[in-house]
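What follows is one structure encoded as C-alpha cells, with my remarks underneath.
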Amino acid sequence: MSQSIKKMAVLTSGGDSPGMNAAIRSVVRTCAYYKIECYGVYRGYQGLIEGDFKEMNARSVKGIINKGGTILKSARSTEFRTPEGRKKAYDNLRAMGIDALVVIGGDGTFTGAIVLNKEFGFPVMGIPGTIDNDIFGTTHTLGYDTALNTVVDAIDKIRDTASSHNRLFFVEVMGRDVGHIALNAGVGAGAEEILIPEEDLGLDRLLESLERSRLSGKSSSIVVVAEGDKTGKNVFELKEYVEENLPDYDVRVSVLGHMQRGGSPSCFDRVLASRMGVTAVESILEGKTNYMVGLLNDKIELTPLENAVKGKSKIDIELLRVSDIMTT
Amino acid sequence: MSQSIKKMAVLTSGGDSPGMNAAIRSVVRTCAYYKIECYGVYRGYQGLIEGDFKEMNARSVKGIINKGGTILKSARSTEFRTPEGRKKAYDNLRAMGIDALVVIGGDGTFTGAIVLNKEFGFPVMGIPGTIDNDIFGTTHTLGYDTALNTVVDAIDKIRDTASSHNRLFFVEVMGRDVGHIALNAGVGAGAEEILIPEEDLGLDRLLESLERSRLSGKSSSIVVVAEGDKTGKNVFELKEYVEENLPDYDVRVSVLGHMQRGGSPSCFDRVLASRMGVTAVESILEGKTNYMVGLLNDKIELTPLENAVKGKSKIDIELLRVSDIMTT
Amino acid sequence: MSQSIKKMAVLTSGGDSPGMNAAIRSVVRTCAYYKIECYGVYRGYQGLIEGDFKEMNARSVKGIINKGGTILKSARSTEFRTPEGRKKAYDNLRAMGIDALVVIGGDGTFTGAIVLNKEFGFPVMGIPGTIDNDIFGTTHTLGYDTALNTVVDAIDKIRDTASSHNRLFFVEVMGRDVGHIALNAGVGAGAEEILIPEEDLGLDRLLESLERSRLSGKSSSIVVVAEGDKTGKNVFELKEYVEENLPDYDVRVSVLGHMQRGGSPSCFDRVLASRMGVTAVESILEGKTNYMVGLLNDKIELTPLENAVKGKSKIDIELLRVSDIMTT
Amino acid sequence: MSQSIKKMAVLTSGGDSPGMNAAIRSVVRTCAYYKIECYGVYRGYQGLIEGDFKEMNARSVKGIINKGGTILKSARSTEFRTPEGRKKAYDNLRAMGIDALVVIGGDGTFTGAIVLNKEFGFPVMGIPGTIDNDIFGTTHTLGYDTALNTVVDAIDKIRDTASSHNRLFFVEVMGRDVGHIALNAGVGAGAEEILIPEEDLGLDRLLESLERSRLSGKSSSIVVVAEGDKTGKNVFELKEYVEENLPDYDVRVSVLGHMQRGGSPSCFDRVLASRMGVTAVESILEGKTNYMVGLLNDKIELTPLENAVKGKSKIDIELLRVSDIMTT
C-alpha cells in the first residue's frame, strides 16, 4: 500500500444521480477503514476553488445510502474552466494536505479531473455517476438502473390512462445523446415504438408502423422518444405531425423531465456504488490513479480516465431487434 | 327493496382515474349479491349509443381492485350531445331491459346522465371519479388521494435534484379549474410557493417571496403551479419571467402530465370506491335515483345529481395559511 | 394571544409512525412563525428526565417532511413512571424556561402528558401519532393512512404469488386491540376474509366461508388477521387448523411486522401533520392546553386529552358489511 | 431455421417470480413473429399431464409485462415424478402436435424438462425464473433484481423504526440454500451484519460485532439473515440468544416472507425476460435444444440444461469484504 497517501477528498459534479450518496458513503467509509482522512468538497469544482471542504468520518455518511441526490451538492463552475480557477483549486487541495481526489459524475466531471491531473500532476480517480449511462468503460453508470425503474413506473401509469382512452402517447425520456434509457425503458414498458439517436427510424416509417399497429387492433400506443432523438422534431412537433397525417389518433405528449434524476436508488445502484467506492480508494492506495472505476462483465475494472472520456458508450443493437419482435 | 329493478348497467366516462376499476368491481359485486343482472358498457356514452354492452358477474371483476385506468374504457362522445345520439342510447338501454344506469366520472359524465334522465326519465346514479376533486357533494372524488401521492412522490424526486443543484423548479400539476391537487400536494411536498386558481398571488409577490426565500438561505425551491392558475403565464413563461427578474436563480420546469391519472389506487381510494359502489346499487334498489354518491364528514351521503353539477367544490382556504406558516 | 408563552418543547414517544417528522416540522415552524423558541426533546419522556433538549429553528426541520420515523427518536421510560422521574422531567422543563409541551404519540404518550399536567400543572398538548388509529377524538391518527398503503401494497405482492399457486394466505397486520388496519386494508386488498378483534367470526364460520369460496371456483384466498384478533389462535395456529380441516388448501402465513411502521408518509399524513402542528401551537398561544388535536369531520378539532385516552376508537361496522358484499 | 418446428408450448413451474409473465409474453410474441403456433400450458407439469393447454397469440399476452406472478399459474406435480405421469405429459404434447417445450422456473423445473427429454427425446429449452438466483449458467435469474428492490425497500422501512427506537432487528430474507438475496440486499440496505449459508460467521463473532457496533455509538442495527443460514438458529432463536447475551439490546424480528416473490418486475427483469424469450424461441428454431438461456457477461448465452442443474451458483465473495468495510 502506498505510504504517501494520508488524506483524500471526494466531490460530486454535473447532473446528480441516484447512487451518488451511496458512492460518497463508500469512499468515506473505505477511507475510515484504512485510517485515511477524508474530506468532502461541496458543490463540485466550484467548492474546490472556494475551499469548501469538510472532514468526514464513518458517521458523517450515516443514513444516506438510500437517499437520492448528493449531500455534497453539485454545481457548474465556469471559473474552473480558467487556468486561474484551476490553480486556486489545486492550491486549496495542497493547502489542505490532500493527496488524491475522487470525482463522481459524468463526462464533464472526468474532463475536469483530467485537466487537474495534467496541469498539476494531481492524482485523481473517477466514479461514473449519471443516469444517462453514456460513459465508456462501464456497462452501468450509477443512477442508470434507478432511472430505468422510475421511467417504466411512470410509463406504466401513462399506459393506464392511454389504454382507457385508446390514445397514443409520445413520452420523452432523458439520455443526452444516447438512447440507453429510451431503449431499455421502452422495451421494459412494452412501448410500441422507440425513437433513439442511434437509429433514424424516419418519420414515414413511424407513420406506417403506427398505422399498422392501429389496424392490427391495438387500442393504445406508447412511443418512447429519447431527448437526443434525430427525427428533427421534438415530441410536441411529433404530436402535431402524427395528428395531421393520422387523424384517427388522439395524441398526447408527456415529458418525464427531472423526476428521472431523483428518487431512492435501486439495490443494484447501491451495491454498485459501494463496490466502486471501495475500489476507488483501494486503487489509489495501491498507487493507481487517473482511472475510472467501471463495471465490465460484472466485475469492477479500471479504465484510464482519458479513455473513458474519449470512448463512446454504445447501445445494445440486439435490443432494438428484441423490441421489434415484442411489438409484433 | 324496489321490486322493479332487475338489471343495471355501469359505465365510466371522461378522464379516467385510479379507483374507477374498484368502483366498477363494487357495483358488479353488489349487483351479484342482490341477484341483479349487471352489464358493463364500454367506452362511456359512445358505447351506450353503439350498444357495446357486456354482462358481468362477480368473477368478471376479479383482480381489478388494484389496477389503474378503467376496464370499461372511456371516450368522448360528440354523438351523445345530439338528441338522436341520446335516443339511440336510451333505446339500447331499453332493448337490453336495463332498469338503471350507474355512471362513474366527473362533471361532464354527470351532465350526460342528467340529460338522459330528463329526456327519457331513465333512472341514473353517479359516482364521482376524477383526480381533480372538483365535484360538489363529496370531499373526495375517486382517484384524488392516489393522484396526491403520485404528485408528492414525483416532487420528492425533483427535490432530490433541486437540492443538489440549488435550483428553483416550477412544477405544473393537474386539477382543471381548481387548486385541490396543487394545494394539498404542495403542502405535502413542502413546496415554497403554491400557485392556484383560487388565489392570485400576483407576480410581484411571487418574486418578492422567492427573493426573501433565497436571502434566508434556502438553497432550493419548489413552486407548485395548478394547471388552471391565473397568473396569466404558463410554467414556461413563469420560468422566463423569474430568470429575467431574479438572475441568480437557475430555474427549471417540470410538467407532471398524464402519469398523474394512472397507477394503482391508494387504500383510501379502493375502500371509498367499494363503499360508493355498494351505496349506489343499494340506493337504486331502495328507489332513490338521480343522486350522486359522495363522502361527507366521513360518511357516504347522497346529493341530487343536479346539485353536484351546479355546486362548486371549494378548496380548504385554511390550508393556504398552513402553507404560508410552513414556509416561514 | 397569550403573552406568557415564550418557549415550547416537542417530543415523540411510543411506537413511531410515518408523519411524526412532518408534525415535528410543523410545530417547529409554527413556533418560528410566531417567534416562539422551540426545543426538541430526544427519546420521549426519558429525554425529558435526562434533559436531552436541543433548540430547533425552521432550518432544523428541513427535508424531513417526507421521512419516516422520528428525528427526535422515541423510547420507553420506566423512570417516568415514578414520581421522582416525573419530578426530574418537570424540573428540566422549568430550568429551560419552557412554557408548554407538545407530545406526539398514542395512548401511553398522552397518559404521560396528563400525569405531568396533573402533578405539576404543566401545560401540555397532544398530537395523535400511531399507525393503529386507536385514539378517540380523531378519525385519523398520523401514520395510519401510510400504513394502510404499505399493507395493501404488501398484500398485492402476496396476491401475485397466491394466485399463481392457488394458495390460501393468512396475513397478520398490526393494530393492537383494534381492527382498523385489518378492516380497511382487508377491503382495500380485496381480502376474502378479515378477522378483527371487534367481531368474532368463529372458527367454524371461517372454515365454512373458505370452503364455500373454494367451491365457487376462487383459486386463491387472502385472509387478513388483526394482531389482536380473538379467535384464540395466532396465524400459525390458524394455518394448522385450516390444513387439518380443509386438506385441499395449501396454506401459507405472512406476518407483515415492523415494516408497517416505516416508510415515507402519504400526502394525506403529511398534510394532516402540518395542519395539526399549526393548531397545536396556535391553541397553546390562545391559552388552550391539555387538549389533543384531532381530525373530526375533516376539520381540525380539540378534544380534552383525558377524553382522548378514556374514549374508545370504533371501527366502521358498515365497512364489515361492504367487505361481505365484495367477497360475494 | 429448422423447418420441422411448427408448434411450441410454454409453461411456468416451481415458485413464481416477477418477470415470468414478461418471459411468457416474449416467448409467445417471438413465436407470433416467426409464425409458430404457441400454446400456454397451465399449472406447470401438472397441466401438461392433464392436457391443460391454451393457444396463445400476440394479443393473449397484452398488458402482462408489468405484472407479478404468472398468468399460466404454477403448481407442484407429484404425478410428474412417476413414469406414468410423464408418459401422459408426453402423449399430450404429441397429441397436440407440439414440437418443443419452453419451461420457465428453477432447478426443479429444469430437472423435469431434462427427464422429459431423456425419456422421450422431447426437445426442451429452459429460462431461469426464480428470485433466489441459485442457478448455474446465468448471473441473474428472472425476479432476482426485483426481489432485491423489494427487500431493500422493506428494510428501509424497518430502518425508520429501528433508528427511532435504537433497536436491533433480525430480518430474514429468502434465498433457499444460497445467500445472494441476503448479501446483495444486505449491502444495499446498509445492514450491520449479514448471515449467509456460504459463510459461518459464528455466534461468538456475531455477539462481538454487535457489541463493538454498540460501543462505537451505532444507535440501531439491522442484521440480514438468509433463510438457509447455518448458525443453527432461526431468527427467533437468534433474537433470544442475543437478548440473553447482550441485555442492552432491544431486539425485534421480521420475516419478510412471500411478499418477496411478488410485485411488478423491475425494468431489468422485464428487459432480461424479453431477451431470454427471444433467444429461447430462436435457438429452438435453429435446432438447438436442451439448453438454458442465461445471462453471462451481459450477453445472452446458452448452457446445457444438465450443467445448469448440476453446477453451483456462487455468491460474490468480494462483496462480503465490501460489506465489512461499509460497516466500519
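Think of it as A, B, C and D in the order they're written, each chain with its own count starting at 1.
The definition used in the following text is that a residue touches a chain if its C-beta (ideal position, glycine included) is under 8 Å from a C-beta of that chain, and two chains touch if they have at least 3 such contacts.
All values derive from a computational prediction rather than experimental measurement.
Colleague: If we look at subunit B and subunit C, which chains touch each of them?
Modeller: none
Colleague: Could you work out how many touching-chain steps separate subunit A from subunit C at minimum?
Modeller: Each step joins two touching chains, and the minimum needed here is 2.
Colleague: Taking the mean of the C-alpha atoms as each chain's centre, how many Å separate subunit C from subunit D?
Modeller: Averaging C-alpha atoms per chain gives centres 35 Å apart.
Colleague: When the centre of a chain is set as the mean of its C-alpha atoms, what distance in Å lies between subunit A and subunit D?
Modeller: Using C-alpha averages as centres, the distance is 28 Å.
Colleague: I'd like the Å distance between the centres of subunit B and subunit D, where a centre is the mean of that chain's Cα atoms.
Modeller: Each chain's C-alpha centroid was found; their separation is 39 Å.
Colleague: In subunit B, which residues are in touch with two or more of the other chains?
Modeller: Residues 156, 159, 163 of subunit B touch two or more partner chains.
Colleague: Report the topology of the inter-chain touch graph, choosing from line, ring, star, complete and other.
Modeller: ring
Colleague: Of all residues in subunit B, which touch subunit A in the complex?
Modeller: Result: residues 12, 15-16, 18, 67-70, 73-75, 150, 154, 156-166, 169, 219, 252-263 of subunit B touch subunit A.
Colleague: Over in the complex, which subunit C residues touch subunit B? Could you list them?
Modeller: 25-26, 29-30, 32-33, 58-59, 63, 65-66, 139, 145, 148-149, 151-153, 156, 159, 163, 184-185, 187-190, 217, 264, 266-268, 270-271, 274-275, 278, 297-298, 318-319, 321-322, 325-326, 328
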